[in-house]
Structure formats: structure tokens, C-alpha cells
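This structure is in C-alpha cells; I'll ask about it shortly.
Letters A, B, C and D mark the chains in the order given here, with residues in each chain numbered from 1 onward.
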Amino acid sequence: MKLKLGMIGGGQGAFIGAVHRIASRIDDEYELVCGAFSSNAERSKASGAALGISDERVYGTYQELIEKEQQLPEDIRVQVISIVTPNHVHFEPAKLALQSGFHVVLDKPMTLTLQQAKELRDVAKSSGKLLCLTHTYTGYPMVKQARELVAAGHIGQVRKVYAQYPQGWLSTFAEGDDNKQASWRTDPSQSGIAGAMGDIGTHAFNLTEYVSGLQVSHLCADINTVVPGRKLDDDGAVLLRFDSGASGVITATQIAAGAENNVKISVYGDKGGLEWQQDDANSLIVRYLDKPAEIWRTGGGYTSATAQFNTRTPSGHPEGYLEAFANLYRNFALTVKAKEQKEEPTAAMLDFPGVEEGVRGMAFIENVIASGRSEQKWTPFTI
Amino acid sequence: MKLKLGMIGGGQGAFIGAVHRIASRIDDEYELVCGAFSSNAERSKASGAALGISDERVYGTYQELIEKEQQLPEDIRVQVISIVTPNHVHFEPAKLALQSGFHVVLDKPMTLTLQQAKELRDVAKSSGKLLCLTHTYTGYPMVKQARELVAAGHIGQVRKVYAQYPQGWLSTFAEGDDNKQASWRTDPSQSGIAGAMGDIGTHAFNLTEYVSGLQVSHLCADINTVVPGRKLDDDGAVLLRFDSGASGVITATQIAAGAENNVKISVYGDKGGLEWQQDDANSLIVRYLDKPAEIWRTGGGYTSATAQFNTRTPSGHPEGYLEAFANLYRNFALTVKAKEQKEEPTAAMLDFPGVEEGVRGMAFIENVIASGRSEQKWTPFTI
Amino acid sequence: MKLKLGMIGGGQGAFIGAVHRIASRIDDEYELVCGAFSSNAERSKASGAALGISDERVYGTYQELIEKEQQLPEDIRVQVISIVTPNHVHFEPAKLALQSGFHVVLDKPMTLTLQQAKELRDVAKSSGKLLCLTHTYTGYPMVKQARELVAAGHIGQVRKVYAQYPQGWLSTFAEGDDNKQASWRTDPSQSGIAGAMGDIGTHAFNLTEYVSGLQVSHLCADINTVVPGRKLDDDGAVLLRFDSGASGVITATQIAAGAENNVKISVYGDKGGLEWQQDDANSLIVRYLDKPAEIWRTGGGYTSATAQFNTRTPSGHPEGYLEAFANLYRNFALTVKAKEQKEEPTAAMLDFPGVEEGVRGMAFIENVIASGRSEQKWTPFTI
Amino acid sequence: MKLKLGMIGGGQGAFIGAVHRIASRIDDEYELVCGAFSSNAERSKASGAALGISDERVYGTYQELIEKEQQLPEDIRVQVISIVTPNHVHFEPAKLALQSGFHVVLDKPMTLTLQQAKELRDVAKSSGKLLCLTHTYTGYPMVKQARELVAAGHIGQVRKVYAQYPQGWLSTFAEGDDNKQASWRTDPSQSGIAGAMGDIGTHAFNLTEYVSGLQVSHLCADINTVVPGRKLDDDGAVLLRFDSGASGVITATQIAAGAENNVKISVYGDKGGLEWQQDDANSLIVRYLDKPAEIWRTGGGYTSATAQFNTRTPSGHPEGYLEAFANLYRNFALTVKAKEQKEEPTAAMLDFPGVEEGVRGMAFIENVIASGRSEQKWTPFTI
């Protein structure tokens, strides 16, 4: 039985809305039944029509969507609402949706401020409803394999974690042109206090904690606005200290001219190391002190049950970004269904980012921007 | 408006059926409404139920599916039938479907024999209905880019074409175990006269003609059955002569132990060369006589309109096998819709393999197996 | 004690002469003491002077070199003569040198004809002197590692061997310009009956036999002259049958526009496979049926004693073409010294190509060109 | 005419001494004539004998070498002295050699302290003799190409510089075993105040300045000693600010278990970017805002005159670490010879690291260690 899905944002021309919809369809766990695709009612209607949604379930605002859907019979009513708007329209709709009895899929970063994030976490907990935060890169099977190898002690005790996220698409003052993506992501009123750090730095941060199983305790950041006229950071590097004493480095930039989106994570322990990068997403390089490095591959018969659970095809049939995204949607759906059937979701089902990751991500943004402005070297990672 | 899709074959446990369904969903152009998922009626019912298909539209045989669906009102009736059965159940259902007024998506190779393929081509033409043959690899945007660069003379006149398709999954006598994929693919009664040559050799052959824009005119094949006890070829190499005088080589094997599915195509002209491989599916290497090689990337702003038409995300967000497959389904859907609306499909819509490629593929199988058995060196490619 | 080295050919402007000299110096086993660097006496003198050779030991012809050096006292006299001339000046000087009591390093292919090769083999044997044939690629440590893994049964019984040698530098009619390399290599009177097949096909052939430990027994060749006006083949593909029953494919071309020199060898057995390519010369990919592929690396502590014997630096310090070449020179020197000291050279010392490989290489040329002209499919590999 | 070379250090069992000797031989510009290979006179003698040096020119101490060689006739006397000892034996012998009229090749880092470095710079200048500091990685042709592309404005104004130097060989307490390399490099009395930062951090630092053409003005460092019991840092990350306002990040570690020696440098400007790594040393990736990335290759006809000047073979014949090292030796020799012949060395000849780079390298060490210990965030790079 498919979950009935609604969408807030993601109207015609939006990038991430289309990605969410594809991700929701890949494993056939959702049916898109309603939406408030744009704050412009006419545009929302047009988007809904293009998506084949019946006109009466295309709404002009998220409030209307939630209110009207609540009044529908349970077997028709939306169950999961995906919120794919710019950051400043995350908190209120997510809060209202949860409080109104709907599960939520929310694009990252979770909110506009850490304060909102903490409140949303509390709302989620008290509502009994579930929230999935789309940190896509944790959806890749080889990222999950990496996490499991670390957790199992395969590389020994973690000593060093590197995450690099190089992009180049904001190398010019793109927000001066008619570039919708650039405009809102560099506008503090829509994006929050961070640009690159919020947009991609949070992904890198999330990867370091997800794969290493550690938590950042202190950081020291160099945050830059490189392109003249830009209002938010477009480049940064962050020294990290983890709770275990391990150290790390995050670099995230949107002005590495010509770079696409090749996010990388490397983790080294006292027995070996792991290296993964999105440009070769179906390979995980595993290194050892005294034997040849190995190439673990998506779909390999030797990969973990969790990795295989998040893979659709045999090894050698590359799965990419949309499949990683779909894994989040799929796992969330299985968890929602299990919960609604009063069953206990398995660990594999529960393997999607949620409110805790969202709070930590917002804390990363606030801590990293504060550190960037600070004369002090190491600052504690506070929440 | 989604096309109503039915499926023949692809019940629980089948690999390619699930792939077809995902591919059909990614771009939301289809709705699966009926199926005859297994020749075992009970298993068909169970598969249909698991897929959320209403019980009365899950059929026990393809004949029943076609007959019953024809009797349904037009707005409910299936429009496109995907046939994802082993090769010996391609021809009859495809023929019947076309003759009964349905469009067909058919897995490759098109039929069990060349004779069937030619008949099916004629049936398709006279039926006025459309057929899409799922040669997946031509769905990749960078393969399309390669084809266009060749056609535009970017690398000059084509001189040499290499296609390599190394797999290792049939290195052991897997058909002796309970391996469903291995069993039918190595069984002449289900697979036809070719094993590896039919299963993957046809893909390699199709790639050479698709990218080069040339047609094979003569060939000389070394066809082997390496694993003891196997009934069909599991390895082969083919020297090619194209109609233009260019030459080529296809190697395709299923006994390259440890190899996954890294199909490669390289084309060299008198001004440059192109190299693509599935393990790095989002890159196309373009070489020149006297300047640095270039890396063309899926989603790059400099890629062709057709390549971009077959891409969903910005560069650096890897799209893989399922997206390539989805491009076939999507383009076919757009063509079907255009035709049904009496509009002329664009060249981009029409960019999917069909009956002509199917006939050439079956001719490849028959010619290559005959050549393998022949003492004669070069034999003409006859249809 | 360094071996005293003389050189025939390799005057100013020659490519391979300089390579031989660097290779001879890297491990300090040789001292260049004399030469006949050019058939033009003046040019020979100038080359000798530039190389710091005393004028009286720079000769105008190879005959003069051999005759005069024989008359020098033993502690001054040349011991090893490197012959780095075009193919048509291989046989006579090598024969004369061996018969006159000198060891010989000879560039490949060994001679102009198979008949000469067999005669030279006999001369070498009866002379008691040694001959090293510079099939460079067998000098790479990871190629040696591959050979040893095959010999040790690491990948099981060999089933399939692929060698690919793509070059593009003869894509144009370079011999029409003032391109010395192109001119002699495409001239039958200097190069022999083969162009690409002799120049690089023999390397590919040698690699297949060296790594697999097998010998070719039958072949079927497609040999082409692609560039208009060219007198010899510039492209070819060869189907192989080995004595063990294994099969293989060699492709070698000099018209793959934009390709550099990325020779590759892959060998698959019933338990695993090996893949090596010169563009990543310090890595050997080892594949298995049921576990992750491994990356064996030059200098790795886990590599074989022979691989390490042919490596100068720790892993991660790339060694390249010149070091591979130097390994041939070094191993040859150690063998010569051992022999001269009446000691038994070790297997590692003896690991360089010699007259047997030379005869097989010339047989390859004659067989492959004959097959290319033949209507018959499989022809026996005759010597 | 070869330069007469002497060596201090580099006796049997030493790693870098052998590398220096190979590097000095590759281009035949040097002849090793004398040495003080070990502070142990007997071991020095044995090493000299193994190297074929006449016994009377094998010395027990560097003082003896310099004193005795000064007394030899000019046509016999050593001209260039290579100092390949641990860091604490750099300053005095280099100073004495320069003051005694000899040119010096010196391994990095230049001295034990910045103070020594500055003094040595002054000595070198007043002596009129030349000093080459072996920052090997600047010897690679594609690193030189990168520097030139930046200097020519090919990627626009530099904004971001990343250098990464991951090694894993000190992941264990190797200095507790009988590991000579580990022992001195982790011993403050021999290595100075820095471990990893001196050993490899200086290479990374040198690369950032060499390729970008900028100078570091401020830094902020996280310096760690990860392996218990170790006396010096084995890991670090450094935030950089350049004089132009560009920023950068250096990471250098010797505890990335399984990592070999894959130093990487990336530079991004406002028009494009450059990426080079030693594991693919013959490729330089050049990225652009709006066209395909390019792969510039060692030996390519399109590479710069300087790159080609530092290349021995055609593209596709990989040159590696030893050839990069040899480029330093060769360029230094050409400069020495030009100077001695009162000619002006060309810019290409002068392209080797010297005392200025040495002073900056020692300043890096002192500044980075001080920053690591500091609570202050950004500290000026002082000399």
C-alpha cells in the first residue's frame, strides 16, 4: 500500500522538488496526491496540473494544504508531507504538519536557526510523527558500508576524518543574474546565516559524523565570502575535534571553479582507512597497514546486509544520486508503515537522517559561522 | 496524463522486471495497471498483489491479459505492454500485443530467431503501433553525446570501433545451482542459439552501431563455451568490418572472473577519439590529435540538447543504469503520446531502440554464431 | 664493477637510443665507453662527443666498433653492446657482436625476418654470450607480480587473455613530413613486413605470453593499413588460441587518434582475474569471484620478492617507463656478471627477455601478417 | 662534461641517498667521485666501495671530505656536494661546503632551525656558490605546467589553494622497532621541532607557493601527535591566508593508515582550476567554468616549453618520482655549468628550489608548530 504524499514547494523550475519526486517514485512506496507547489497560487495550480494532481488538492499555501487535508477521510488524506522550499520556509510548515498529524520529509538544513531546530525536534517527539531530513549522501550503499566497517572496528580506532565538498557553480556573482538557485541560497533572509556552510557544509559535517560514528566537540573555522557583492559565505575550511579525541578537517566551497559536486569522505583508524567519493559512488576504497587496498562495490555479494538492502541492481550497474535519495524515502516509508502497523521498524528501516541530525546540522551552521568570526582558535561545539 | 502500462513476466524474484518497473516510474510517464507476471497463475497473483495491482487485472497468461484488456473501456485499458520474459517468450506476446492495438516495450534480444525478428518488424509496421527494445546503454546521456559528436564530424571520419563487455558472473557452472538468471540464459530452449552473444554481445553490437552511425557488413567470430557442461557460448570475440570500410572489435564474455558489468565503447576517427565506459558513466573522454583530451560530463552546460534532455540533475550528481533505462521508457512514452495526439515526435523523443535495432541484433546473433562455427574467415553480415 | 657498454645507433635525435642510455645508467651497472652512433661518421662523432665518449672510441660503423674494440685490452674493451638501430640493422650487428665475444642488448623486434631470428638464436647459443631483447613492459614490477600470481595459481587456470595497445601518433601520414620515427617504422626496407604489428603488436604479444605463462598456438588476424599512402599496417586485431586451450585477443593500433601509449593486459582464470595498464603502471588490479577486488601496488610490503627486486622506492613513489626499462638492463647486467664470475644467476636476475622471446616475436610478426592476408580463419602459429 | 659529485650521508641502507644517486645519473650530468657516506668510517668505506668509488676518496667525515677535496687539483676535485643526512646534519656541512667553494645539493628541510636557514642563505649568497634544495614534487613536468598556467592567468586570479599529503607509514610506533627512517624522523634531536610537518608538510607548503605563485602570510594550525609515545607531530592541518588575500588549506599526515604518498595540489581561480596528484603524476586536470575539463599530459605536444624541457619521453611513457627528482639535479647542473662558463642560465635552468625556498620552508615549520601550540587563531607567517 503506497503512502499518500503531499509536497510543499517544488513547483515548476525548482531543482530539488523534482529530485524529491523522483526519489519518492523509484521504490513505489509513495503516491503524490496533493501539493502546495508555490506561494503563487496560479503557479501552484499549473505545477499540480503538470504533475497530474487533481485540481482540488492543489493548494495555494501550506496552511491550506494541511487544513484541508485534515478534513479529508483517512483513506484519502495525505500521510507524508515533503517540504522542499528554501530554508526560511522549513520550520513553520514542518511544525504545523507534525502537529496536525502528518509525517514530514524535510530538505536540509532543517531550519533557519538552531533555536527553531531544537523546537522542531521537540515538536516531532511530542507529536509522535516522524521526520526524515534529506542528507542524501548517507543514502549511498557504500557510505553505509563505510559506516558499518568503522562501527565493526574494521579500521580500528578512528583517528582522522576528512570531508571535502568542492563546488564551483557560485564562482561568479550568479545571484545577479536570473539564477533562482543562486538567488535564494545567497540571501540571508531565505538561507539563514550561512551560504556554502549551510548548503553543502552541513552535508560534509553530517557525513563525518555518520561514517565515523563520532561527534564533533570543538571546531575552528575559516569562513570566507570570496565573490564580491555576495552576502553569505561561499567558501570555508573547518578544523575539527571529535569527542573521542580524533581530529578532522572539513573543506566546503562553492567557488572551486570547474568543480562539480564530488563530495568525499575519508576516515583513518589505527588499522586501516576508508575513502569514498561521489564521482565514483559505487566504490569504497578500504586500505590496510600491510596488505593491498580493496575496492568494495555496490551490489557486491560480500557487502553488508544493510548495503544490499539499499541497492537495487547487481554490481556493475551504477546507482547514483537519485537512488541514494530514494533510499532515504524508501527507508522512511518502511519505518512509517511499520509504526502505523504498530510494528517495530528494523535498524535498516530506521537508517535515515532525522531531527537529531537536523539539530546537529543547525548547530554546525551556528558554531561554524561564529567560529569564522571569532579570534579564538578552538571553540566548543555547542547546541 | 500517464500511460497505462501492463507487464508480461517480471514476477517476484525476477531481476529485469523490477528494473523495468523502476525505469517506468522515474519520469512518471506510466502507471502500472495490469500484468501477467508469471506463467504460474498463483505466482502472478501474488506478484500483482505485491505491486498493488487490483486483483482482476492480474492475469494468468499473456493471452488472457491481451484479450481481457481489449474488452475494457479505452480510458481504463492498458496502452503499453512491457514484455520482460526470457527470450523464448518475446515473439508471440509482442506480436499479439501489437496486433491487438497495444504499444510494446520489449527486452532484448528481440526474439528467439532472426526470422521471428523480421516478422515482428513487419507486424509492428503494419500495426501502426510502436515498439521499444531496451538496449539500455544507449540511454546514457554521454553515449548519446558520443553519437552526436561522431555524427557532427567532431572526430572526423570513423576508422576504428572497439566495444568490450566483460562480465564474470558465469565463471562457474551457476546453472547447476538454483540460479534462475543463469539457468534460462544458458538454456537454448529459452535463450536461443546464443548465450553471452545474445545476452551482452547484442548490447555491445548495438553500441558500436549506435555511436559510430555505421553498420556492420562483415564479421569473423571466435565463440567459446568455456565452462564445462554449459550448453551455450559464454565468451566471444568478433572482428568487424563496417559498411564504410572502418573496422572494429567486439569482445564479450561472462567468464572474466571478478569483472562486473563495465561495458566500454571507443570510437576513433581521423581527427580524434571518444571513450566511454559504464563504470564512469557520467564521463565521456574526447581525445584529439594535438590538444589535451577533454572530459565531457553528464549535466555539463556545454553538452548537447539531446544529452541534457536525457539528464535530470546538474553535473556531479551521478545518474546511473536505472536513469539510462528510464530514458528509454520516457522517450518512448513521449513518442507514444505524440503519435496518439497526432503530433510529430521530435528527434529527441524518437531516440530509443526499436524494431530495426531488434532485427539487426538478431542478425548479429545468427551471424556471429554461424561465424563462430565456420572455417571461413570473413562472412557477410546477412539479414 | 660497472660493465663497459657500447652502443650501435642512437645518435642525436633518436628517441630509443636516449632511452637505452638512461635505462643503463639508472642502476649504475654500466659505463658507456664506445659507440657507432650513426652510419654517418661525422654525426657519429658529434653524438659521441656530446655523450662524453673519447673520440677514438667513436666509430663510423658497427663493424669498425667490433673490430677495434676486440683489439683493446680486456680491462678497457667493451663488454655489452646495445643495438638501437631500426630493425633492418639488428641481425648483422647482433650476430657479429655475439660471434666476436660481446654480450648484446637489442631493441625489439629482434630481426627483420623470422629466419634471421632463428639464426641469431643459434648464434647466441653457440657463442656462449647473452642477449637481452628490450620488451620494456615486462620490466614493470606489477607486470612481474601478475606473472607470478598466475604462475602460483592465484587466479586459477587461465581462460582468457586480452592485450590492448592503442596509439594514435600515426593517425596522419606522418612519414610524409620530416618525422624520423614515422619514416623508418612505416618503411618495409627498414621495418620489415610489419608496421604496427612489429612495433607494438610484438609488445602486446610478448605480454600475453609473459603474464599468462602460455604460448599462442593459433591465430586469426585482421590487419589494416588505414592511412592512405602508408606502406605497412598501422592497425590490427588478432584472435588467439593458446596451447592450453585458453583464448585471447590482441588489439594494436597506431591510428587511435589521441591515444598515447596505454598498453593493457588482462588475464582471467577460473578463480579470479588480473588487470594492468601502463597509465596506472604502479597498480595491479586483482579480481575475485566473491570478494572485493584488490589494488596491488609497486613497493607494497606484500608484493613478491621479484616485484620488490625490481622496485627502487617505497610504495607511492611512482616508477615508470624508464625504471621498467632499467630493470631489463639491471637484470641483464647481474646475469652477465654472474656468468662471467662462473656463478649461477638467480631466477630474478634471469628475468629479462632474450632470444627465445625474440624468435617468438618474429614468428608472431610473420604469422600475423600471413593470417591478415589469408582467407583462412585459424592458422597455426608456426616457427 | 660531467660535474664531479660528492655525497655526504647516503650510506648503505639509507633510502634517500640512493634516490639522490639515481636522480644524479638519469641525465648524465654528474659523476660520483667521492663521499663521506656514514659517520662510521668503516661503513663509509664499505658504502664507497660498493659504489665503485676509489678508496682514497671515501672519507670518514664531511669535514675531511671538504678539506681533502679542496687540496686536489681542480680537474679532479669535487664540484657539487650532495648532503643527504638527517636534518641535524644539514647546516654545518652545507655551510662549510659553500664556504669552501663547492656547490651544494641539500635534502629538505634545509636546516634544523629557521635561524640556521637564514644564516645558510646568507652564506650561500656571499659564497657565490649555488644551492639546490630537493623539493622533489616541483620537479614534475605537470606541476611546472600548473605553475605556468597560473602565472599566465589561465585560471584567472587565484582564490583557493589546497594541498594534501596523506601517508600512513607512521601509523604504528615504528620508531620502537628497528626502523631507521622512522627513528630519526621522529627524534627531535635529529629532525628538529617538527615531525610530519617538517618531513612532508614542507613539501605541501612548497607546492602551494610554487604552483600558486603566492606567499603565505598567516596561518592557523592543528598539530597532533597521534601515536602514543611519539615525540613529534605525526599529523596536522593548516588553514592558510596568502598575501594576495587568497586562502588555502594544507593537510599532512603520517597516520592515514594504508595511505602511501599521494600528495595532491589543487588551485582554483576565478576562471578555472587545476588539480594534480602524484598517483597520476603525468596528468594535470584543468577545469573551466563553462567547458569540459581537460587532461594535460606529460609529453603532450601542447605542453609548455618548460614542461617539455623536463620530460624525456613521449606522452604515454610514464615518468615518475625519480625523473622528477632528476629534473632538479639536471636543472641545477645546467645552472652550475652556465655560471662556471660565465653564461646566464635560462629561466628553465634556474627552475629548481634553493635557499629562498629553504628559508620559507623552515619558517613554515617554526610558524606552524608555534601556531599548533597557540590559543590564538590566525598568526602571521614570520621569518
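Everything that follows uses one rule, which is that contacts are C-beta pairs under 8 Å (C-beta built on N, C-alpha and C of every residue); 3 or more make two chains touch, one makes a residue touch a chain.
Computed from a prediction, not measured in an experiment: that's the story for all the values here.
Peer 1: Tell me, please, which chain's centre (mean of its C-alpha atoms) is farthest from the centre of chain A?
Peer 2: Using the mean of the C-alpha atoms as each chain's centre, the farthest one from chain A is C.
Peer 1: Determine which of the two chain pairs, A-B or B-C, is joined by the larger number of C-beta pairs in contact.
Peer 2: B-C
Peer 1: Taking the mean of the CA coordinates per chain, how far is chain A from chain B in Å?
Peer 2: Computed value for the inter-centroid distance: 34 Å.
Peer 1: I'd like the Å distance between the centres of chain B and chain C, where a centre is the mean of that chain's Cα atoms.
Peer 2: 43
Peer 1: Please set out, as single numbers or ranges, the residues of chain B touching at least two other chains.
Peer 2: Answer for chain B, listing residues that touch two or more other chains: 259, 286, 293, 297.
Peer 1: Help me check something: in the complex, which residues belonging to chain D touch chain A?
Peer 2: Against chain A, the touching part of chain D is residues 155-156, 159-160, 162, 164, 166, 168, 171-172, 220, 222, 224, 226, 235, 237, 239, 247, 249, 251, 253, 255-259, 266, 268-273, 286-289, 293, 374-378.
Peer 1: Give every residue of chain B touching chain A within the complex, in rising order.
Peer 2: Those residues of chain B that touch chain A are 1-2, 15, 18-19, 21-22, 25-28, 51-52, 167, 169, 259-262, 278-282, 297, 299, 312-323.
Peer 1: Help me check something: in the complex, which residues belonging to chain B touch chain D?
Peer 2: 285-286, 290-297, 300-302
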